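These notes open a run of structures that come right after.
Two complexes are shown next, each including chain A; its partner changes from chain B in the first to chain C in the second.
Moving on, here comes the complex of A and B:
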């Protein structure tokens, strides 16, 4: 029973990774950029919830909605200000990566300046009685995490496969030049992708605040890195892959915590990453692209 | 041919003279007390960062592969060197050079262990896997008893004392010079050209008979070795090392130096490593605003000069002198004689 509850716990934490990983995966799929600033969007989302809920004392739904809208907007703004010029000019990918790192440092320090570097405590936002299945008890936050992540993923998958903008996204990620020739506004599509990715990250942030009651300006670093590992694990560029990677990572983490040592969690996480990359470099659900001569 | 080699000779002599002059000036300043221990610490950190940046440039600039775990090699070198001086029982002036070489060798060994599997991948995947290895090294160092866990190693003696600040500086300076020299000669040697050909087009390089695995590994191990030596220097400079000093952010910091200076430009790495070590210190007056400014500078440089400040070109005294001469004479200068340090 203990083993199962560990797995369920892992799935709960993995859901947060999965939501954040979706953003990494979509952005990488479309512009081949490891967006290191993505982790810090979670932090921004968490602080927006903090400001609206605690400092302004407004209702919860407004905080959640505000956080999602604000992060989506921030995602688009960051793309326009920091990446757009490089993307249009087809600059070396490494300069794009360094810019992303620059944005990440900027966000961390801006929020440190605005709110101080100490941790802020968050109240439990959604609480209902834990789910009881036989002997197994599942906490409210775990239930919520899994539910929200599955719904979001289904919605995203639907959007990408059915809607016009989803089609544009797929076309742009396949071949941006050809997509442009077919009359797709690739710039809008890229900006939209950044926006959606950031909005998903902020949904992750809300769940994070609900699960762990503390936020600080540097919280995005490791969280982002792990979500990124999840995206790579599942196969970067694939939506179900990002989800699978997130869940696997969460379960691996919680099992390591329970049965090996909580000090070695990060080593196990990165160890899994290395093994997967060596055996299947494109990730578990990724497509293998053949190098052209 | 004779002309070229004479030009080369002159440039070697000129550069050697400048190196010695720089050393003499710095030691004089330190001896005279113009440079106090705070400034000399910054100068020493500058030398360490130059070694790190130049060595990473061997992989990122010359080989064209993105590595996000360079601090891991520094950690290995720092711990190997630190443990050696702590436990060898030899007097410090004897133990220190041995510790540095040992640190470099152990780091190079890790370079082999990590490089063999990792270099099968390329591009972003190589970056990710080196990131993973770097983090694993750090977590393991955090949990071993020999490394004293998260508390870190302390009490590593420094050659510096209150009265003698030049001892460490001598080591720092000449190891940095040696690293730069070896990197330059490696870059222009046959091996270096093979490595560059892999950067330009790996498939074409392989098709023309270059053993890509061997050359990739060679550049990787060389970079790891220098990073290990730099780690050894760092351990003895600071006297206290713990795993958190060699995390992902440190790797990023070094990568930023390389990219900002221009990938493939060793002089670019040297300049940006120097500037980026001093800049945060110089901005200390602004305290909380300095990292904000630092990140804005970083983003702006990347936006308006994506290839880095120097791109792939090297700054060379001889060329600059020629240019000035040419400008004075009003003649057009021939674009030959590249890469003369």
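Moving on, here comes the complex of A and C:
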């Protein structure tokens, strides 16, 4: 019974990794950029919730909606300001990576300046009684995390496979030049992808605040890094892969804490990254495409 | 400015006359010199002070120094020590060990202090303690918690609890007052304070006949404690010791309640401040918890309330733990000099060892390592406020 509880704990935190990993995966899929500023978008989302809910004292639904919209917008703005010129000039990927790290440092420092570096407490946002299955008790936050992440993933998968914008995304990721020739506005598509990825991160932020009621400007760093490992584990570029990677990583962490040693949690996480890169670089569900030389 | 100069001139004159009498008597013992002509001339007892008044840790130094000064004022108004006024000479050491040693040399060589109240933070305090041991100067630090400080020598004392003491105290409290038979611990194994308190709690709890069901560690900076708490819940302990700082306490308490862990949470003085880090909607997570600290502003002790009021009036800020400990440290030193009946170093040290001092933080005696033994204040949280429970001595 204890073992199942630990698995459930892992799925709870894994859901948050998964939501963040989706953003990494989508952006990588479309422009081959590992957007290291993505973790800090979660932090931005969390602070937007804090501002609307606590400082302005407005209702929760408005805070959630505001956070998702704001982060989506910030995603687009970051793409336009920081990455767009590099992308259209076909700059080397390393320049994009360095820019992404710069954006990350900028966001962290900006929020330290605005809100101070100490942690802010968050209220309990969604409270309902825990789920009881036999002896197994699942906390409300874990239920919510798993539910929201699955719904988000399904919605995203549906959008990518069925909707017009999804088709445009797939075409752009396949071959941006050819997509442009076929009349697809690749610039809009790329900006849209950034927006969607960031909006998902903000959904992750809401779940994070509800589960761990404390936010600080540097909270996105390690969370983003772990979500990146999740994306690589599942197969970067694949939507179900990001989810699977997130869940597996969460469970691995939880089981390490419970049965091996809490000292080794981060070692296990990054050990997984090394093993995946050595054994199956494309990840569990990724396509094995050869790099064009 | 004029006043200061005048004071300096008077003091210089006093010093000259004192040394003159000393010479005239051919180096007779200090007692008779003090009791004789000097008292009539208004001689003072010089006690040195060291504190970081500027720099990174000045917050601690200023509060401690302010507390010491209020103690000196109070003692002097009540007639001083051995019929003489205390003169408190303090220097800013900027939180730096080298500055502290230089300032110490100045206090001993130029100012000829008979005792030292200081230093404030652990590192410079250790450096100064090593010097004070060589000189045999009685020294008491108000707030240096590092165990090594009093190990330096027989004449070094401290007014604050060392970290492990709080673990032992809470283990005794859990066994005697809460009737706990089983306990679990969750602590940050990247932090000296947390590990120190946790280990002491574990040992003392076992000694008191309690069973430790789980001892779970986490890495500094973690936010998810559910795995550890789930294991603790499976062990079904009566109490869970959480010897960590308030930010982590807020996260651990909320998650413990989330997974349905119903054991009482215990803590140490790192809990102070937890109410500011926990939202109203999560307050029931810290309900029924118990933590110990050096003093409680909610205590009904009239002396403490008077001190808090005077402090606020004098400095325009609320007194904190450092100010209270500074006040008590000076009080203990003055009481020891009074008890020794002399300003002779060895006699003061002997007097301090056997002292029983009633201060703002309770009744203090010193153990064999010259660490304070006294009641700690047990605090709980109810209705979103800290509530004073009782004073407790293990």
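Note that in this section the second predicted complex is superposed on the first by the 290 of 293 C-alpha atoms of A that agree within 3 Å, B and C clash if a C-alpha of one lies under 4 Å from a C-alpha of the other, contacts with A are read in each partner's own complex, and residues count from 1 in each chain.
Criterion: contacts are C-beta pairs under 8 Å (C-beta built on N, C-alpha and C of every residue); 3 or more make two chains touch, one makes a residue touch a chain.
Just so we're clear, the structure is a prediction, and the values are computed from it rather than from any experiment.
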item: Fit-or-clash call for chain B and chain C when the two complexes are aligned on chain A; value: fit
item: Touching partner for A:263 - first (chain B), second (chain C), both, neither; value: both
item: Touched partner set for A:150, first chain B, second chain C, both or neither; value: neither
item: More chain A residues in contact - chain B or chain C; value: B
item: Partner chain in contact with A:110 - chain B first, chain C second, else both or neither; value: first
item: Arrangement angle, chain B at one end, chain C at the other, chain A at the vertex (C-alpha, nearest 10°); value: 70
item: Which superposed partner A:13 touches (first chain B, second chain C, both, neither); value: second
item: Partner chain(s) touched by A:182 [first = chain B, second = chain C, both, neither]; value: neither
item: Partner chain(s) touched by A:55 [first = chain B, second = chain C, both, neither]; value: neither
item: Touching partner for A:274 - first (chain B), second (chain C), both, neither; value: first
item: Chain B and chain C, minimum CA distance [Å, superposed model]; value: 5
item: Overlap of the chain B and chain C footprints on chain A, listed as residue numbers; value: 261, 263, 266
item: Touching residues (chain side chain C, partner chain A) in the complex; value: 189, 216-219, 221-224, 226-228, 230-231, 234, 247, 250-251, 254-255, 258-260, 276-282
item: Chain A to chain C touching residues, read off their complex; value: 2, 5-6, 9-10, 12-13, 119, 121-124, 127, 130, 137, 139-141, 211-214, 219, 222, 253-255, 257-258, 261-263, 265-266
item: Chain A to chain B touching residues, read off their complex; value: 28, 32, 34, 82, 85-86, 89, 91-99, 101-103, 105-106, 108-110, 112-113, 221, 225, 228-229, 232, 261, 263-264, 266-267, 270-271, 273-274, 277-278, 281, 291, 293
item: Touching residues (chain side chain B, partner chain A) in the complex; value: 60, 66, 117, 120-121, 124-125, 127-129, 131-133, 135-136, 139-140, 142-143, 203, 248-249, 252, 255-256, 259-260, 263, 288-289, 291-292, 294-296, 298-299, 302-303, 306-308
